[in-house]
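The structures come next, written out as structure tokens.
After this come two complexes, each holding chain A, first together with chain B and then together with chain C.
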Partner chain A sequence: MTATTPSPPPAPSPAVRRARRGRWGAAAPLLLGASVVAALALLSLFVGVSDVSPAALLRGDSDAWELVAVSRGPRTTALVLAGVSLSIAGLIMQVLVRNRFVDPSTAGTVDSATLGLVVVMLYAPGLPLIAKAGVASVFALAGTGVFLALLSRMPLRSPVMVPLVGLMFGGVVGAASSFVAYRFDLVQSLLAWTTADFSGILRGRYELLWVAGVLAVVAWVVADRFTIAGLGAEVATGLGVDHRRVLMTGLVVVALVSAVVVTTAGVIPFLGLVVPNVVRLFLGDHVRRSIPWVALVGAGFVLVCDVLGRTLRHPYEIPLGVVVGVVGSVVFLVLLLKGSSRVG
Partner chain B sequence: MTLRRPRPTSVALVALALPSALVLTACGSDDTTATDTGAATVTVETAQGPVEVPREPETVITYDIGVLDTIDTLGGEVAGVPEFAMPDYLSAYSDAPVVGSLFEPDFEAVAEIDPDLIIVTGRSLEAMPDLEEIAPTIDLSTDEADYLGSVERNVRSLATIIGEEDAAEDALADLQADVEETRAAGSEAGTGLIVMTSAGEVSAYGAGSRFGLVHDVLGVEPAVDIDSATHGEPVSFEFVAEADPDWLFVVDRDVAIGETSGESAEQVLDNDLVARTTAWSQDQVVQLDPMAWYIVSGGLTATATMVSDVADGLAS
Partner chain C sequence: MSVETAPAAAYAAAPRDDSERRARLLTGFSVLAALVVCAVFVLWDLPSAWEYVLELRARKVAALALVAVAVAVSTVLFQTVTANTILTPGIMGFDALHLLIATLVVFTVGSGANAVTSADGARALWALETTLMVVVVALLSQWLFVGARRDLHVLVLVGIVVGTLFRSVTSLLQRMLDPTQFAVLQDSFFASFNTVDETLLGLSAIAVGLTLAAVFRLRATLDVLALGREVATSLGVDHRRTVMGVLVAVAVLVSVSTALVGPITFFGLLVAHLAYRVVGHRHRHSLPTAAALAVVTLVLGQLLLERVFSYATGLSIIIDFAGGVLFLALVLRRSRR
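Entry: the complex of A and B
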């Protein structure tokens, strides 16, 4: 808990010092991590109802290759993009709000994006996917803005207050969606839109997620500014960083990523919360250092959960949102219990 | 997801359950008004066994469009209906008093009507104990394992209640004839797979499921064995491709609930994987009337529509 208060930048946190001394120092571990994720992605390519074996691909079996091109490849790509971008969005949010219990799903961003989708479904259902994502983004941005405005008007002494405010605000926005859905008999549909499910991902149905992927790269590039902005408006301004602008950039990235993922796949709970926290446990608060790890762990986590969802009830599927919800909540609990003794 | 807000329904249910629990304990015995009216009652079969209900009740309300369909088809009348966009042939009920949703009663509206009989089914079954406080309530759910049998039972029960037994027997005989004819075609059609699309996602249904009529009654051989589950099994397009049915039976849930926002079932299924199936390549995709199959199913006219959907589909 104490780690949520910002530590002065020059003195690395104990975790970072441990990290520098220890296993995570050099680039080698990153390569190792990347190859583990690559292996998971490969595995994900070969899990499914139809028979696609590496042997068939090597043989040049055209059916197998087509299946990879149409179904498996897009699905794996979509999973990696969603995992990477959502985890990074969570990290950015935590740094900017200076609270490690915040992520798009606990700060009203996802709820606002969902409300945007509900509104689109009611008033302009025929919009193309990209326009839907656009509306959802506007809502997500507005919602996150309101959340920040709420925070700035509140005397926040305890770090626990921030996510509480976020959860309450998200609850209010979510209640609006539920109410609209309830009025128009869409409760079940709302659930279907909002629970992330990659079973319908095919070529031509996931490409929007590349937007989220590109945004994740943008976040990577400006990572240092996020770190500095995370020190607070005064310190950041003193260090020559336009705090407002960085904050806005971060918000736009977070809102767009959340909206795009919600629109194409649905809500993936906990991801943005758990992944950055797991990484922070080992690497501390340095954004540039953590980002590649957050990306890798995020992708790996989502890949593992989706493979589980596809195999547990084979040939049927368990939606990704459900699997991540279960696994993520367990990880989060462990994190809370262990993290407090370790970091605190 | 853990910190989900309570859904309005559950709050409402708790609020309702408390006072009704008190009333239940206060009454103590089972003396409902139905038994008081002695001679004016009749015993009918319901999903929960034989029940004595008022004969030719003046005001009947129901939470099931299928029940409404049956009563309307037999020439009876209903005094209160759930809030729902009615299918065309029931449009006379578009302005009827609303007594709640398909799932949940609006108790004030029910009290206002002061019905003589209330009919619930699976979707509204949970409210049965509360409704029984107001008026005799019967459960005419259909049985997915014996769809046609339970429809016949319900039709006969409703006919007995409203005194239209002859009309019911005629209608059931017609239905039976249609079923026989379609079964002959169905058992020679090859394999079939029933899918429902909802918000761009696909679930598959097998024998014994809510859409199992296709296999159980009309004799189409299932392309794959699917566990019977009310909400179907979420599947990938690969599953559909791999099942490779000769016939694909499609229910578009979005249309059924009046939600034409997303992609139509046709758009959802129009992809490289489904294109691999015999059904798609031979143009053997049967669009089932979503309203009849998903919403009104169990009703007399709806069941006839369901049978003719399959018959027409197989014939084309």
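Entry: the complex of A and C
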């Protein structure tokens, strides 16, 4: 994306800048961002039907604490974990496929994970959550593999063709899920997975998301390899990176994250697509530098959307997936039309 | 082969006439097939107390046929106007748009749910929705197709995202409706050929009939239009005006079929390509053939579903699956060239 110049932090004098350069120069805005997200998370704790006020918590009201421990806390944590991990998964996928219009939800990964869940419901509904997520991951991995195979069979790929094929592939996989679900009376369960809804998140039902969180951190650590792998097989090999292995690592991370989020909370559309693109507008293509920002913006975006969903129709709730779908598709549309002059 | 000996004029004309005759024959054959399938649907295994069943089935087959024709014709028209054979109104999110408009109308106008459920209310609502749909499609198309020239693939992607946006806003609004209002709306959001509102059937038939008549009169102009903007303009077609007119027809057809049974994304793509395969691209053949093949596919599909699979799955799901695979195949083949 061409330079919309990042609004730089107010420029201090050169001397000060030199003194601050190094770790703090980069870390200060990040800390600021992190505190904004923390504030949002705190806000999200106090939004809801039953009253939990900061005052009550400070008083040591045991009911209020109980509510936070069982429901509000897990929900906020789940939101942050899902937002962070999905956004990073989207970034990885975009780097590896070398296309900024791709993310797990436009490449059939999420649809494949959902199909996996439908199959589990059919053949082994009693499996523990972690095993369900495992099956979903296998399906997600396979689906992503098929997507890549489709891509490699398209010699001429314009940047916009890639997500187009991904979306259609996802549609076909989705139709297969609907077919199975319809046939075996699972339509309702399917509906629950296809719109992310965090209202059912309670203590004991979200912990799997920590796996996604850990994977996001792993991705952060090996970020530079992804960048190099994103330069293509020849360049990467020339630089001494095992392209295949890095590619596989990336895909496993993406598939696992998508599967875990779908299993615990449902499908959050566009998140992995929009967040990395917005960050790229300001920071450019440096993966390692943008990962923390992608994580922060992802968490913040999800938190804001969730608070919106909970307040718009108080005391009822609009599922997160719907709110993100509206906001995300508008942002994506703007990105698409702004970028299309260069693409076309 | 006597190609060398044949006079030049005859050589040029002969295959032309041949293919013309062949296309006409195939068109006639498809229409006949459509009629036969409809008859089989109505008459198959008719019980002794036949009056009631006959009426029920006739209504169902009429709805199926109307939807099939509307979807097929609107797809062919849309592909002509946009000068490519990958797009359909469904892929561009037009039927999602209709659902959004329907929801918006109920959201703002229909606060009294009984105003909506009464026959008069339903008709008024239908007219309002269709009118709005035509206006919005005209504006949207102006922006997408007629104004700036955009890359085809960007266009498709924009269409898909716009469709997602429409669907998300629709479900957002639905979540904010009263339960009673929501119940009124809910039926129209799943493609289902089992529950078709009969008050709307007559209205839809009239709307589709008028549109078809208008479109079929334009068939020669449409052939020219398919050659692209420059060629069409140089051949004396008022490109802009004709395109807008055709898009209005598309809007009417899309809202009729969506109002009757809900969205079916890929069906149009499927039958349009079948028709091109069978009779080629001239509209005097492709329009009726696509419509007839659509009727055959839909009615036969429903028949199989009811009689063979005993409702084991939704028809629209199978159609979406087959259409999606076809779309992928088309894209892959096209980009290989």
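Simple rule for what comes next: the second predicted complex is superposed on the first by the 308 of 344 C-alpha atoms of A that agree within 3 Å, B and C clash if a C-alpha of one lies under 4 Å from a C-alpha of the other, contacts with A are read in each partner's own complex, and residues count from 1 in each chain.
Operating definition for what follows: contacts are C-beta pairs under 8 Å (C-beta built on N, C-alpha and C of every residue); 3 or more make two chains touch, one makes a residue touch a chain.
Everything quoted here is computed from the prediction, not taken from an experiment.
Following the overlay on chain A, a clash is recorded for the pair chain B and chain C.
When the two complexes are overlaid on their common chain A, residue A:140 makes contact with neither chain B nor chain C. When the shared chain is aligned, no partner comes close enough to touch A:84: not chain B, not chain C. Once chain A of one complex is fitted onto chain A of the other, the partner contacts of A:92 are absent, as it touches neither chain B nor chain C.
When the two structures are aligned on the shared chain, A:169 is found in touch with chain C, with no touch to chain B. Applying the stated contact rule after C-alpha superposition, one finds that A:179 touches each of chain B and chain C.
Contacts of A:337 after superposition on the shared chain: chain C is touched, whereas chain B is not. Touch criterion met: A:316 reaches chain B and chain C at once. Within the superposed three-chain model, A:302 lies out of touch with both chain B and chain C [touch as defined at top]. When the two structures are aligned on the shared chain, A:262 is found in touch with neither chain B nor chain C. Overlap of the chain B and chain C contact sets on chain A: residues 167, 171, 175, 178-179, 182, 269-270, 313, 316, 318-319, 325, 329.
Taken in their complex, chain C has these residues touching chain A: 150-151, 153-154, 156-158, 160-162, 164-165, 167-169, 171-172, 175-176, 265, 312-314, 317-318, 320-321, 324-325, 327-328, 331-332, 335-336. Per the touch definition, chain A reaches chain C in the complex via residues 101, 150, 153-158, 160-161, 163-165, 167-169, 171-172, 175-176, 178-179, 182-183, 195, 269-270, 312-313, 316, 318-319, 322-323, 325-326, 329-330, 332-333, 336-337, 340, 343-344. On the chain B side of its complex with chain A, the touching residues are 1-5, 7-9, 83-84, 101-102, 198-202, 204, 233-239, 241-242, 254, 257-262, 268, 271-273. Residues of chain A that touch chain B in their complex: 48-50, 66-67, 70-71, 106, 120-122, 125-126, 167, 171, 174-175, 178-179, 182, 184-189, 192-193, 197, 199-200, 202-205, 267, 269-270, 310, 313, 315-319, 321, 325, 329.
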